[in-house]
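The two complexes that follow have subunit A in common; it is paired with subunit B in the first and with subunit C in the second.
Showing the complex of A and B:
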């Protein structure tokens, strides 16, 4: 079977064999494949092979897929969200009608809107399961404290997405739930009233409130989420994923005795 | 965690990592399976359950009792449990903020180097209790009943009056069985055994305190309402 992995992305050889990205022989060779061409200009292959062939610790199990599962749910939200934004009109007069239009007229519109709605629910469940796994495995401890903090901010931002997205269909349920949410925000100490005024774009729920929620829901908060997911993943790759806490490195007999004492 | 513990952890981790498998294809395989499950479940839910569209937002209605999305039910229920007005900010802002800060700072006050859940009894118990509390509050919030519906079983001739009661905003202040808010008005589940029909009618026309008058209901609806209320025993 021919190796389908482009040469530049193959698992690097052992040290001493030389990976030769800049070796004289390599430089003389004309790059024949596209990946090689790109690699010669970006030097990306050590990074990519490092990413692909880095070791995950012994004992890694299915619980470790919850983070990626959350990311996949987010990707579903991002993609379906783009398509919904093509047809959605964020004005109090037209919003409700544009949702009806998406549901009834647009090709696959009802399906995509359904995916966006249930994708939100799925993402919330998965992000909490991912946090529970991290908590019970003690994976937030040294040296991964910062990644826990980023994760908690991501949970809060995900809930903000749920809150801001809830208004957009502009039916009775979303309208009145948002009124209550804003009133609750306004009861907060010191910053509460200002935050509520900012979210409502005024002292009362007004025509501009909907477009403000729309902008927050599809630009500001997703931007923050994408940036923080990037930081989260960078730290995951940099620090490595944890091993389950019950998996131990096989100790030498000497240290085993020490453990028993 | 002192520097010795840190070093011990990093050394142990290095060994475990050496004994592990490469991310590609082993972890990538699991993640790909998970990807298909996640997208499959979302698509399945969309096909089976869809996304309903309620009636258009109407700022002039006064009887609509809003409900949040299910993942905010625990907050919503907290609001119902802590009823006195001076405690409302505690439920709405205080507790969530405290919970958020505690969660955010977890690695900084939990300095125990131990990672095994069974050897961290305090952390594990606290985690399980938090999950149980949130699940319980979510369940209570979910089973609080629909805000514009009364689920009491009544004889067929009182169904019309039940509809009137459900749609006239009574639930905003009164409880009927599992539906409606517990206060400020009294519970009405057994109002028929407490007040005679004439008294109920008088109260609806000339209500005490902050309750609005229902005199302006169409006479037929008004009578249905009175009959329904006096049937609740």
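Showing the complex of A and C:
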């Protein structure tokens, strides 16, 4: 079977094996190669091969896919959200009507809205499972504390997405649930009342409360999440992942310890 | 000044007897800062000013509503004779214009009843806000029970709006009232303490009176107590 991976992205050879690069004479006769053309101008292949062929510890298992699953859930939200935004109207008078229009009239509207709605719950479940995985595997320990901290900010921002998104359908449930959420915010001493005024853009449910939530939900918070996922994944690749605890326990053979004594 | 640029060619290895190094570009006798450092400071200052020039206005933009108090609204809810002093009459008033149902609220209005409640007078009108003092769900006046009941977490208030049971932390809020041309008018909302003393309007869930007046400071977005 021919190797379908473009040359620039193939696994680098072991030292002394050569990296498959053509000699200058052969290069002249080589067929036009799109990936090679891009690679020659970006120098991206060492980065990409480093990313794709990085070493993972022994014992890596299905639980290590929970982070990628969370990432996938986020991407589903991002994509379906962009298309919902094409039909949604963030005005207190029209929001509910635009949502019923998406659900009842727009082709595949109910399906796309359903993906966004159920995807939100799925992402929350996955992010908690991923957090539990890193916790129980001790993956938050040195030198990965910073990645845990970034993860905590990510989980908070994900919950903020849930809170701000809940108002948008603007039915009775979302309206009153948001009223209650803003009033809970207001009960914090000293700063609470001002925070609630900030969320509502005033002392009551205001003309701009809905558009404020919409702007937070579709621009500000997703932007922060994307930036932090970037930092999170950078650290995952830079530091490598943690071996499961049971593998680490086995890696201290008895003989080694006996020798030391 | 420890400038990495100056160490580039010399290197720390030389110690005290380091050979004379070539002066960096722009060097002059008695300078207190290399040209490179001056440009670094200027460049960062410039970037800082540019970032602040964008960020300060947008943050101000988002925060400004905290300091904005909309004009007081007074809305007629019915002729003086329409209200009795032994039960409430319901009216829907607009708190915020232009946002349809979301800007409206129900109020319960009655005449003051000096024979039943100390401190009320027969020619004043009491307007009770339906915003539950627990977390803001809409309470309903139940005629048969003579009390206000909240659908969310079981808050119950008596005829005057004082808490009978459930999680609410203070009596129901009220609206200022006045009479104009024989019509009862309802104005801005205010909160009350447990002894029904008026205080500045609070969000639900916040205690009133005593130390709570300081722990929940007055907000510029609400009018002062009547």
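Brief remarks on what is shown
Just so we're on the same page, the second predicted complex is superposed on the first by the 232 of 261 C-alpha atoms of A that agree within 3 Å, B and C clash if a C-alpha of one lies under 4 Å from a C-alpha of the other, contacts with A are read in each partner's own complex, and residues count from 1 in each chain.
We adopt the following convention: contacts are C-beta pairs under 8 Å (C-beta built on N, C-alpha and C of every residue); 3 or more make two chains touch, one makes a residue touch a chain.
Since we're looking at a predicted model, the values are computed, not measured.
With subunit A as the common reference for superposition, the partners subunit B and subunit C occupy clashing space. Look at A:190: by the touch rule set out above, it reaches subunit C but stays clear of subunit B. When the two structures are aligned on the shared chain, A:207 is found in touch with subunit C, with no touch to subunit B. Judged by the touch definition given at the top, the superposed model places A:93 against subunit C, while subunit B stays out of reach. In the overlay built on the shared chain, the residue A:174 is in contact with subunit B alone; subunit C does not reach it. Once chain A of one complex is fitted onto chain A of the other, the partner contacts of A:198 are limited to subunit C, with no touch recorded for subunit B. Applying the stated contact rule after C-alpha superposition, one finds that A:40 touches neither subunit B nor subunit C.
Residues 92, 170, 175-176, 179-180, 184, 187, 189, 192, 205 of subunit A touch subunit B in one complex and subunit C in the other. Against subunit A, in their complex, subunit C makes its touches with residues 62-63, 65-66, 68-70, 95-100, 102-103, 135-138, 152, 201-206, 215-217, 219, 221-222. Within the complex, the subunit A residues that touch subunit B are 11, 51-60, 62, 64-65, 68-69, 72-73, 76, 92, 96, 99-100, 103, 110-122, 124, 126, 132, 135-145, 148-149, 152-153, 155-156, 159, 162-163, 166, 169-177, 179-181, 184, 187-189, 192, 205, 240, 242-243, 245-250.
Residues of subunit B that touch subunit A in their complex: 1, 5-6, 9-10, 12-13, 15-24, 26-28, 30-31, 33-35, 37-39, 41-43, 45-47, 49-51, 53-59, 61, 64-72, 79, 88-89, 92-93, 100, 103-104, 106-108, 110, 113-117, 120, 123-124, 127, 131. Residue ranges of subunit A in contact with subunit C, taken from their complex: 92-93, 170, 175-176, 179-180, 182-184, 186-187, 189-190, 192-194, 196-198, 200-208, 210.
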